[in-house]
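Structure provided below as structure tokens; questions to follow.
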Amino acid sequence: MTAQKKQAEQIKEISGVNPLKCMKCGKCSASCPSYNEMDIKPHQFVSYVINEDIEALVHSKSLWKCLSCFACIERCPRDVKPGKLIDAARQLVVRKKGGDYLSPDEMAQLLDPEIPQQLLVSAFRRYRR
Amino acid sequence: MSIEAKEEFRPKIVAFCCNWCSYAGADLAGSSRLSYPADVKIIRVPCSCRVNPMFILRAFEKGADGVIICGCHPGDCHYTTGNFYARRRMTLLFSMLDFIGVESGRTRVEWVSAAEGVKFSATMNEFVEKIRSLGKNVRLEDLRCQNV
Amino acid sequence: MPECVKTMSQAEREIHLMTAQQQTTQTQVVNRAKELLADGTVARVLGWKAGELPYAPQPAYFEKEEDLEEFVYNGFCGANLSKYMIEASKLDGKTLVCLKPCDTYSFRQLMKEHRVDREKAYIIGVGCKGKLDIEKIKAQGIKGIQSIQGAERTDDADTLTIQTLYGERTCAYADVMLERCHVCKGKEHMIFDELIGESRDTKDRDRFAQVKEIEAMTPGERFAFFQKELSRCIRCNACRNVCPACSCRKCVFDSSQFDSAQKANADPFEEKMFHIIRAFHVAGRCTDCGECSRVCPQGIPLHLFNRKFIKDINEFYGEYQAGADLEPRGPLTSYVFEDVEPGIVAERG
Amino acid sequence: MQRVGVFVCHCGSNIAATVDVKKVAEMALMEPGVVHAEDYQYMCSEAGQARIQEAIREKQLTGIVVCSCSPRMHETTFRTAAQRAGLNPYMVEIANIREHCSWIHKDMEEATKKAVLLMRAAVAKVNLNTPLRPGESRVTKRALVIGGGIAGIQTALDIADAGYEVDIVEKTPSIGGRMSQLDKTFPTLDCSACILTPKMVEANAHERITIYTYSEVEKVTGFVGDFTVDIRKKARSVDMNKCTGCGVCQEKCPSKKTPSEFNRGLSTRSAIYTPFAQAIPNVPVIDREHCIKFQTGKCGVCAKVCQAGAIDYEQKDEIITQKYGAIVVATGFDMIRLDDYDEYAYSQSKDVVTSLELERIMNAAGPTKGHLERLSDGKAPKEIVFIQCVGSRCADNRGKSYCSKICCMYTAKHAMLIRDKYPDVNVTVFYIDVRTPGKNFDEFYRRAVEEYGVNYIKGQVGKVIPQPDGRLLVQGVDLIDNRQILKEADMVVLAAAIEPDPDVRKIATMLTASIDTNNFLTEAHAKLRPVESPTAGIFLSGVCQGPKDIPETVSQAGAAAVKAIGLLAKDKLLTNPCTAHSDELLCNGCSQCANVCPYGAISYEDRQVNDHGIREVRRIAVVNDALCQGCGACTVTCPSGAMDLQGFSNRQILAEVDALCR
Amino acid sequence: MYKIAKKDLPALFRRIAAGKELYLPLENGGQVNFGVWDEGGSVSLDTLKTVKSPKDAFFPQSETLYTCRRDGKNLSVDPEALQEQEFVLFGVKACDVRGFEILDQVFLADPVDTFYEARRAHATIVSLACHEPEETCFCNVFDIDCAAPAGDVASWSIGETLYWKPLTQKGEALTEAVKDLLAQAQEEPVESEKNSIRAIVEKLPYSHLSLEGWGGGALEEAFDSPLWEELYKPCLACGTCTFVCPTCQCYDIKDYDTGHGVQRYRCWDSCMYSDFTMMAHGNNRTSQMQRFRQRFMHKLVYFPANNDGIYSCVGCGRCVEKCPSALHIVKVIKTFAEASKSKHTGGEQP
């Protein structure tokens, strides 16, 4: 298994999402409050996972621009939930950093000061343990 | 049980399927190429209410490791009410088998419509997995039927 | 009816009642049976007569008044005579039958199933204060029994005095009652033409206690329990043949319909098959009369199978007592849309 | 002992690629009773059937087993073939080694092993088969059509024209159905009412059609050729024979606040009403729930103003019992409820409407008299956004998994009509895919884009946000430009998914017709028998079977009619010989079987029997072959095993069990 | 005469079981039946009557005769092996020992039943005198002395001691094998035990039952008696009496399909069952009265007629104890005796 494929599998496993269910309607992108900040758009995330282009994904700005507001998760009619894929990609990055978890200090550099509370809550939930 | 031995165990599973819903569901699973283990063998009955507890015990007697009965969803019976009676009969029978110490996982009822090929296949996969984990039926087998 | 006649008969009835109080149920039944035989109301009487042993009265028919001198009724008259009424319903004329409160449930269930003819029965509901289990008496180490006093239970005599070849022994009535009497369904007769004698509700145990105990075991323990109990089964069919619900003209286990006619006692499976199917066939129809356990020569607690079904029926489909009504549909011949799914068995674990 | 022939089909490579068919045939010869076994490329082909017939004749076979596809596919084929060779058709058994074996297993060895087992089970069964002969039952020459929409009307007209009596049962006060609510129809843009009304009139006037409006099917018993149906004719409170349809009562009725069902609640109606002007019958009904007379006892205005004296407050529901040979279900559809779609603000803003509501708005008889205006403030909209696939193609439980099929086309129609009538209004359509597979359909959609300048954007809308100024902010995406779009609109139109009429579940249960998870009635075969229900004598017309547009509905209605006519044209039907029967020597007469029989097919008689020399009169169960449908419920209820089912007997099933567990 | 302290019996059993299979009365769920001894089994020598008789040891309730196997269309037949293992039946009562002799009349007569014969040849019977006979016993009627049982070894349970007396060569051989566990003993305690047992037997209610009117010559009179019609009525048609009986020897032969072949087995049958001797044309006894009559006519008339006057009842009383309807051979004998008494004294015939 290529490294790329392995990463794609990991993302699917972490997120529990089957990207093949996507019908490319774009409702995720239509719902996304951070759409304009993103280099790879939410609906494209799905294609990136399908195409196993995970390197591009983990290096994208979008990864850290997603607010984890869950609008796309709520509204996706196909149960694909791009927000979960994004979160899974973040996890990959975090895991790569080894035993150390992302420290709150580090997060401040990655994040925008104007970011809403929800993201912080979401992020802490994710990285706390 | 060692992992190796577990892999070798191929259970015998009898599935009674009603002609109108579940047998058609199994056909749909087939035409949709939704695979499930070959351990499952289907017997066509007109309705789930045709399944006599004698048939189930007979299957176990002859060495079956699991028996599953599939019928139309309650309310959708081709014969209007058959599956309602089947449901009561099987509930009581299964409870009795459980009572005398037969593992409750060896018997199952699932409602599968003609449109639910996916469900049929998923159910069979799950059931086979369950029976594999339970291992061979020793509590209800007639020892004379063992092939020695 | 003319006034004078009515008063007379009332007075008569009072006298009858006064003497009745001093009489035993046995004498009252005999007297009444003689009247009914004499006036042609009934053609025969179905009751008990003294057997060869003091503790084994025998179900018997009486066709003549003088034969009734042999009639007995006491604590050993446990047999449920409802089943005999299937054959008696085919005879000419009415049969006077003595039914205890719990026997009347069986009779009504048989009526529902068109197996007995109400018109052919004259039912005397006989009083019952609990019936005795000779096996329990013997289990107390009492052997060589010659005679027994106290088998006719009264309010002030609650002890059995037993003369044996090896001396006199006593035991408390309540200690040697049949299992079914400890879970008595009550002293009311469900159906009768007249009542004779007093009854007592002898219930002092939870009917489902043992079923619950077994349910609480692990599957392995349950399996071992039944394996051990059923290993004694000798396929004598006494349980089936005494059962009022097993009223089939030809049992599936005697016919070639299912290739199930196996008199063999070759494999533990056969006993399980027989007892599960037998219990299943009577599920929803079994009144829990306890005859199966009473007659089993090997002392197998067969009522556990029936009680398990009754308990499940009560829990899943609502309280149900077979024979308590004449509603033709039972739990297994009716349904509601919201019935529990069979998966509940696995969920309960 | 049976002389059995086993025929193993390759089904091209469908079976042969995974199952060693030669081996199955070889193993078959080892089975008891088997005297002939062969394999062949296509058993169902004429050549294949000929081989079977030849073997039957040459080897004097008394039973055959065909190892092939599902019996649901070719059982009839092989039975007929066997019959032509002189074998009783019920001496044929099928081992399903395609759907249940070759198609689901990949490993050749494993699949072959299983195929052998399935073959053995079928041989074990056929060894116990007995020749069965079907009985006959009469056909009542009358059809029932449930639902009076365009599907029902068309079916009824076709059947009636063929010379048979037809009854239409419609639950609303008028026939016409959904089509009567539509303004124009695609792709020709002709007026819906103009083409529907003549059909309604024709049905009403037809001498062989009886229409029961404001009526519902209450109970169905019987079977193909001989159904008995109870129809509840709800109390109309108006005497249909006296009413002249003048309409005065409706004008004078003081209770006028009831939301109009016909206008989807966008306007109100009186308590005594006809749903729409062209209603048939043109006789109003009193909606007793909203009638002052019925609610308070005081009023009676309608009775006073009715010159014909047609108002009858005492009228009661009436049950009509009628016999039918065939039943056609044409129960149609409704739009799904949009309560769960908060993001589109449907319940927050009056200006977010469904397509069917827009249909009423555009209609001259509608709530706005045909003027396109915002329902909130009556202003003319300048910017309209259409959102497609609302609730269709959904994997979650808010919507439906299927494509509603008609939305792409009606949206193009709406967009075109609006642009045509109001050229200053901008129309934007957010779509996922535009699906136009129909004659002149794509041309129609292209005209909307090319000639009428409708702005189609590929991408879904994420959210509709009502603004303080009453306008609607639509947040969508353009997947082609890869940019998010924020657009202010005056109106938003939702192409809500359609679903079968909720009452169809009740009807399907009464008819014992099967229904799928989406409540669409199941057809007997998806490709080859699309207008028949698996339940004999029940036919499917229109959207109750699956989403359809008008032309498709009408053609299916015709097809269903033809199938029904084909049935009604027969004088007698052969009944299924796989019925239950009771063994008089085993029967206890206990009546338990009658308790579970859904068809009332079991009765009891006192019969003289000779039980091995014992002669006595016994109460014995008797099965009426014409009523018994062969479910087998009685066979399990019978403790003595007296009741058995022909074709699926206890011994046959046990033989299969034994063979499979061997 | 030998003796062994009862506390040493486990050692004795262990010794016997080392070389042979040992069958003896074992308690299971409150009921005592013969079973194979093993360490931990709860032996019950004090029980007067096991529920089933020990006839299983020679004539099992079910036994496979041969197995047919199918390979394609070829059949092979494998007969079941004959008993080769020596075994000991311990604690058999006098009546049951006689029961074996009655079975011998049937199975060892020509043609010899080889399965039965092999088992009989490999068995050593250790009998046990009945310390406290009960009210249901009537072995005395058949001239069986329960105080001095037959067998290969006779034994007596007196107080804390078991007395042991070999009676045959087989018995001597068994005694030899366990001799180091036994001690020499006086005859006296056994003699007094015999006397006390016989005294009790004298007092038993059925000990002097008269068999007058029965036997091989009574065929027609007994068969045609109107008494049967009354007697059978409470009979439930179960097989309890036949299955607990030490002498009932009827069997059925059936096939069992194992899926891989067919096992032909024989199993006890009961003349009380409606399908007993069922043939293609039906049944030669169509009513329960006839079936009921068959059982007693067989024991008291047909059997003695064919076996030098030996009744095929040993008076063990198991049926008397177990019949659910209190209907049994004693009842039958007494009813006939009373009827003939009233006939002779000129009374009314019932």
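List of remarks:
Going by the order they are written in, the chains are A, B, C, D and E; count residues from 1 in each one.
Note that in this section a residue touches a chain if its C-beta (ideal position, glycine included) is under 8 Å from a C-beta of that chain, and two chains touch if they have at least 3 such contacts.
Every value quoted in this text rests on a predicted model; they were computed, and no experiment measured them.
Apart from chain D, the touch network of the chains falls into the groups A | B, C, E. On a Cα centroid basis, the chain most remote from chain E in this structure is A.
A count of contacting C-beta pairs for B-E and for B-C identifies B-C as the more extensively joined pair.
The distance from the centre of chain A to the centre of chain E, with each centre set as the mean of the Cα atoms, comes to 84 Å. Computed from the mean C-alpha positions, the centre of chain B lies at a distance of 38 Å from the centre of chain C. Look at where the CA atoms of chain D average out and do the same for chain E: the two points lie 71 Å apart. We define each chain's centre as the mean of its Cα atoms; on that basis chain A and chain D are separated by 44 Å. Residue numbers of chain A whose C-beta contacts span two or more other chains: none are found.
Shown for chain B are the residues that touch two or more other chains, namely 52-54, 58, 62-63, 75, 81, 85, 89, 142, 144-145. Shown for chain E are the residues that touch two or more other chains, namely 256-257, 259-260. Every pair of chains meeting the contact definition is listed here: A-D, B-C, B-D, B-E, C-D, C-E, D-E. Against chain B, the residues of chain D that register as touching in their complex are 70-73, 96, 98-101, 103-107, 110-111, 113-114, 117-118, 121, 505, 508-509, 512, 514-517, 522, 534-535, 578, 596, 598, 629-633, 635-637, 645, 648, 650, 653-654, 656-658, 660-662. On the side of chain B, the complex with chain D involves touching residues 12, 14, 19-21, 23-24, 26-27, 29-31, 33-36, 38, 41-47, 49-55, 58-59, 62-64, 72, 75-82, 85, 89, 113-116, 121, 145. Across the complex, chain E meets chain C through its residues 28-31, 33, 48, 51-52, 61-62, 64, 132-136, 200, 203-206, 233-234, 236-240, 242-244, 252, 254, 256-257, 265, 267-270, 273-275, 320, 322, 324-328, 330-331, 334.
For chain D in complex with chain A, the residues that touch the partner chain are 343, 389, 393-396, 398-399, 432, 458-463, 475-477, 479, 482, 484-485.
Of all residues in chain C, only 90, 112-115, 247-252, 255, 257-259, 281-282, 328-330, 332-334 touch chain D in the complex they form.
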